[in-house]
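Multiple structures are listed underneath, in structure tokens.
After this come two complexes, each holding chain A, first together with chain B and then together with chain C.
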Partner chain A sequence: MSTSIPLAVKDRRLGYLLLAPTILILAAVVVYPLVYSLLLSFHNLNIDNPARGTVFTGLSNYIEVFVSQDWWQALVRTFYFVAADLLIGIPLGMGIALLLNRDLRLRGIVFAVILFPYVLAPIVNSLIWKLIYDPNYGLLNGLLLRFGLIKEYIPWLSNPTLSIVMLIIANLWQGTPFSVVLFLTGLKSIPQEEYEAAAIDGASRFASFRFITFPHLLPIVYMNVVMKTILTFKLFDIIYSLTGGGPAGSTQVVNMLIYKESFEYMKFGVAAAMSYILLILVLGLVVVYSRIFREET
Partner chain B sequence: MKKRDRLFNFFVALLILIVLTSILLPLYWTLKVSVSPEREIHSLPMRWTVSALYVKNYQEIFLSTAKAVGTAFTFKMGIINSLIIGATSTILTVLFGSLGAYAITRLKVRFSQLMTFFVLLTQMLPPVLLVIPLYMMGNTLGMLNTKRLLALSYMALNLPLCIWILRGYFKTLPSEIEDSALVDGCGRLGALFKIVLPMSGPALFTAGLFVFIAAWNEFLFALVFTSNLDAKTMTVAMAEMIGRFRTDYGLMATSGILGSILPLIFVTFFQRYLVSGITGGAVKQ
Partner chain C sequence: MLRKLGFLLAIAFMMGAITFPLMAKGQAQTTDTGGAVELNTLEGPAHVQFLTERFQQLADQKGIKVNLNVIPYGRDAVMKLVASFMAGGNQYDVFVLDCVDVARYASAGWLYPIDDLVPESYKKDIIPFAKEGMVYQGKWYGLPWSSEWKSFIYNDKMLKDQGLTEFPKTWKDVVDFSQMIQKNGTVKYATAFSWAQKECLICDYVALAATFGGTFFDDKLNPTFNKGGSVQALQWMVDSLYTTKIVDPASLMWTEDDVSAAMSQGDIAFSLSWGNPLVPLNDPQRSRVVNQVEIGMMPSVDGKHPYTIAGPMGWAISKGTKHPKEAWEFLSFMAGPEGSRIALEKDGYPTGWKSVIEDPQIQQKFPELKKMSLQAQYVVNRPAVPWYGEFSSMLAEELHKALTGKMSPQAALDEAVAKTLEIKKAAAQ
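On to the complex of A and B.
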């Protein structure tokens, strides 16, 4: 009888060894900070008053968040961005995918161009729109004036009502290609026979969209809704670099508020509480979506 | 009927043209500003073209030296730092990711479900949640303003997705070839490096592309962790330019173009891999 270790056990040991770097890195950079943040959210570091040191303050950070007007306003503004992504970005992405879902000349180049905004850094996206929205030398004012649509230059980003709309447009420009790719993949997986059968029955273009294409795309719509919500709740870069949350706080989304709370006001405990509330909110939304989706299908 | 079809095709072509224009026009404008002399940037009414190609902004960035630390030099160092951080995190993530994915698919490690959880977690987490404690850790360990901290962060954020992509690919490889290699006395590690990895080129490349683009484009961690030229990245240097009260538009546009070249090359030539990564990564949800 062999006394050596069975192969399966040996394999498993090697397996954990191979996973060790991943486990260590995730433990240090994801798990530990998550725990640290959770603890932080129940403490006050008293950075402004070091003599008092770190004090356990129970739920007071969370209470401070819930009574903070800034928090609720930032949350509502974040929802504007999410709503625009879901109600404009997803239908737009589906529309563009439907346009492209045919034998195109130069297909490779067209698809690459569609993906351009997706691969650019959000900071580059900011830079591009800064050049477009600039009140004096920007492309937008230049174009509108040339076509006689405005008489004088509009300061797009320094007007509190306009600035959020302008940021939403910039965000849609960058975010929509992702939806297009998802929808195109969905469209490719629809069996062609269904269209052929519909054509024999004399179905119109609209009817075959309504009864074949759309039902097949529903899971993709759901996937889009989930991913877009998650992504838009992370929105930070373009806000920070284009308006810094202004003018007059009109574009301050939650991530911008959390950033300021921590790195400008040094209220790390409150900021940690805010980030946890944000995480729970996103998780909650995803659960709600999956319930709705399951009932629909 | 035929006439109606032609009309329909015409409208489709028109709409596609509108979509392409709305994507390309902002990029063209940035490129145009980057090669315009200052008086043409500021000329009224706006001009569509440049009178002559003006490359002074590009020269200013490429030829800038440490002797005069200005916006141009900061950006140049940012590009260099971003390249180093991006390359390091890409190579290490793909290496550790391959080891991890192999362990999960072939070595019966009970980590598969936990890994799925980590994929979801790292995708869903608002990054601000990690940035605050990591900043404090970095401060305690004296790791702020180092490329290491950023590379390590990007590895952690991308490892789960990388393992996910590779695991999906490894599963499609027939295990018979590996088994015969094992019988021939080639150990598990030999099988991984001599058989599995050489067969996984496309998946390794896809994973690598994603990690590199994510690291190259990342902003929040870089903003919080770096404050000097030792580790300041391309995106942070660019944001400083955008945020200036008196912005040099020519130089700013040039930095935008320089920061976009790599991602645009990737998407033009390796579009297939990116799309498979997006959809492969999306299916997990």
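On to the complex of A and C.
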């Protein structure tokens, strides 16, 4: 009777062994911080008074978040960013991808230029826009004044209403190439025969887009919606660099508030509670999206 | 079999390559490199060149290497320092300690007391105001590095071009002079301040409030800034943006570095500046207004309250450092009397040592120190309390609500006072 280990079992063991390094690293850098911050959300570290030590506070950190006006205002502002990213960023990305999907001359160079903002580090992106928005020497004021669209220079980031719009623009500039890449990939996978058949049947361009292109791109739209929601809810770099949450708190999004609670107020427990509420909120949105898109597809 | 073994060895090698550097980095950040100790620190961009030169001299003279982490704005150090302290405090061995952070860091046990390290000669030589900024509950935590206050500076050439022979003594003078200079087309806005929603705004506001006869806190640390001169000061700030229009609206996003840049480019005629601003302003490599700028006393509502804000800073040692002896040598080298003299001469850092201030050579080289020392008699401080960080962040936002027209100055300050009392109460629980 053979006592050798079956091949399938050997393969499984090898699989687990190969997964082990990744699991160890993930455990250290993802699972441990997740568990630690969850525990932190139920405690007060009493940083300013170490003699009191760490105290278990139950749900009081979460209650403090839910009754905080700052939290709800920051959440609304974050939703502005998310809404802009979804309603403008996705159609814009799709439009650019449709244009790039043709046989254009220098398409490679155009694609590289369009992709350029996405490969920049967020802080570099922020610094570029800081120069563009400079109230005295910025490119935006210079161009608008030259073309007669404004009569005098505008301090874009000093105005509470304008500043959030300018940040949305800066964020869209960096985030849209991500959509372009995803949509281009989706467009490449659409069988050309369907377009040829539609052309034979006399379908217009719009009809081709509506009945062939868009249905094929729906999974890509879903992916964009989910990724952009997650990424925009995480927005921090551009706010921190350009406005610091000002002027008058008008650009303070949720992540800026979490940062302030942690490093300025030293309330790590409350900050951890905010992070978990944010996590649950984003997960909830993803579930909603998946239900909507499942029905659509 | 051999192929599988080779594969496993490759995986093991990769794991080692990933984890070994992480383990090495996870040990004490300060390392001994063949006898030379390395210390880590961080600072804003304004004085990088000078600091780099001094650190090299320290390495050459004492074999202590200092690694400098440059951050965008001096106050950004707070986030990094707090993260370092929470992780044991050995990521940054030495750092510049702002007077407003002493209470919080000391309460949390993050600072290394230097009482036993400071020699008697230092104790006799230090200027009291410079030491007080680094002391909390009787313990001393830092050697004075930039023992400064904000000075009012003006472009004398711009004033003379308008036929003005004296600097403005009242805020009305500032408005009148500014409007003259602007009308002439010399500059678009004659004044700019550091009114970004950060600590810099608090500094300017506290100074301005004092010049209007207002107060910040009473003896029992109750907020008093929603009354009298403190409200008038905020109203003046709002008016200067929207009514008299003498302050660049960009001030709402500017920190001190931006204002200094505008002054050195000749874009504004008046500003407030920390330290001895004439050193960089008279450096042809850094300024277009060489020998044009002078220091004056702070203007005030009636010319009789020329108060300014004090902000002494010092080099301090992290409690978690693995090299306290070398860290103290660093402090002594950089911020002792001799190091302070070099910092004053080369980069305008205001000294905290009597021997340096009273040195005839220094007085001859820096005649403006005499004017500056007159201003030093009229300084106000921010409260040294552990909850200052939260209070400052809140107040900056409330002040901005008034400065952006969202609320009236009185309403914004009333709201700020109410929130201050809540913060104070929560801290006491």
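Please note the rule applied: the second predicted complex is superposed on the first by the 276 of 297 C-alpha atoms of A that agree within 3 Å, B and C clash if a C-alpha of one lies under 4 Å from a C-alpha of the other, contacts with A are read in each partner's own complex, and residues count from 1 in each chain.
Everything that follows uses one rule, which is that a contact is a pair of C-beta atoms (placed from the backbone, for glycine too) under 8 Å apart; a residue touches a chain by one contact, two chains touch by 3 or more.
As the structure is a prediction and not an experimental result, all values here were calculated from the model.
Enquirer: What does the overlay on chain A give for chain B and chain C, a clash or a fit?
Expert: After superposition on chain A, chain B vs chain C: clash.
Enquirer: After superposition on the shared chain, which partner residues are touched by A:L87: those of chain B (first), chain C (second), both, or neither?
Expert: Neither partner.
Enquirer: Considering only touches as defined above, state whether A:G244 meets chain B (first), chain C (second), both or neither.
Expert: Both partners, chain B and chain C.
Enquirer: Once the shared chain is lined up, is A:L218 touching chain B (first), chain C (second), both, or neither of them?
Expert: neither
Enquirer: Kindly classify A:N49 by the partners it touches after superposition: chain B alone (first), chain C alone (second), both, or neither?
Expert: A:N49: touches chain C, not chain B.
Enquirer: So in the superposed three-chain picture, is A:L18 touching just chain B, just chain C, both, or none of them (first/second/both/neither)?
Expert: After superposition on chain A, A:L18 lies in contact with both partners, chain B and chain C.
Enquirer: Would you sort A:P155 into first (chain B), second (chain C), both or neither based on which partner it touches?
Expert: After superposition on chain A, A:P155 lies in contact with chain C alone.
Enquirer: For A:Y265 in the superposed arrangement: first (chain B), second (chain C), both or neither?
Expert: It touches chain C, and chain B stays clear.
Enquirer: Check whether A:V76 is in contact with chain B, with chain C, with both or with neither, and answer first, second, both or neither.
Expert: Neither chain B nor chain C is touched by A:V76.
Enquirer: More chain A residues touched by chain B or by chain C?
Expert: B
Enquirer: Check each of 22-30, 40-48 or 238-246 in chain B against chain C and return the one that clashes.
Expert: Stretch clashing with the third chain: 238-246.
Enquirer: For chain A, which residues lie in the overlap of the chain B contacts and the chain C contacts?
Expert: Touching chain B and chain C on chain A: residues 14, 18, 21, 25, 134, 136, 241, 244, 259, 262-263, 268.
Enquirer: In their complex, what parts of chain C are in touch with chain A?
Expert: On the chain C side, the touching residues are 4, 8, 11, 14-15, 18, 72, 78-79, 82-83, 86, 104, 107-109, 188, 196-198, 248-253, 262, 267, 386-387, 389-390, 392-393, 396-397, 400-401, 403-404, 406, 427.
Enquirer: Would you tell me which residues of chain A are touching chain B in their complex?
Expert: Residues in contact with chain B: 8, 11-12, 14-16, 18-19, 21-22, 25-26, 28-30, 32-34, 36-37, 40, 96, 99-100, 102, 104, 108-124, 126-132, 134, 136-137, 139, 142-143, 145-146, 173, 178, 181-182, 185, 205, 223, 226-227, 230, 233-234, 236-237, 240-242, 244, 254-255, 258-259, 262-263, 268, 271-272, 275-276, 278-279, 282-283, 286.
Enquirer: Which of the residues in chain A come into contact with chain C in the complex?
Expert: For chain A paired with chain C, touching residues are 14, 17-18, 21, 25, 47-50, 134-136, 155, 157-160, 241, 243-250, 259-260, 262-266, 268.
Enquirer: Show which residues of chain B lie in contact with chain A when the two form their complex.
Expert: Chain B reaches chain A through residues 8, 12, 15-16, 19-20, 22-27, 29-30, 33, 41-42, 45-46, 96-97, 99-100, 102-104, 106-109, 111, 118, 121-137, 152-153, 155-157, 159-160, 163, 188-189, 213, 216-220, 223-224, 234-235, 238-239, 241-243, 247, 249, 252-253, 255-256, 259-260, 263-264, 266-268, 271, 274-275, 278-279, 282, 285.
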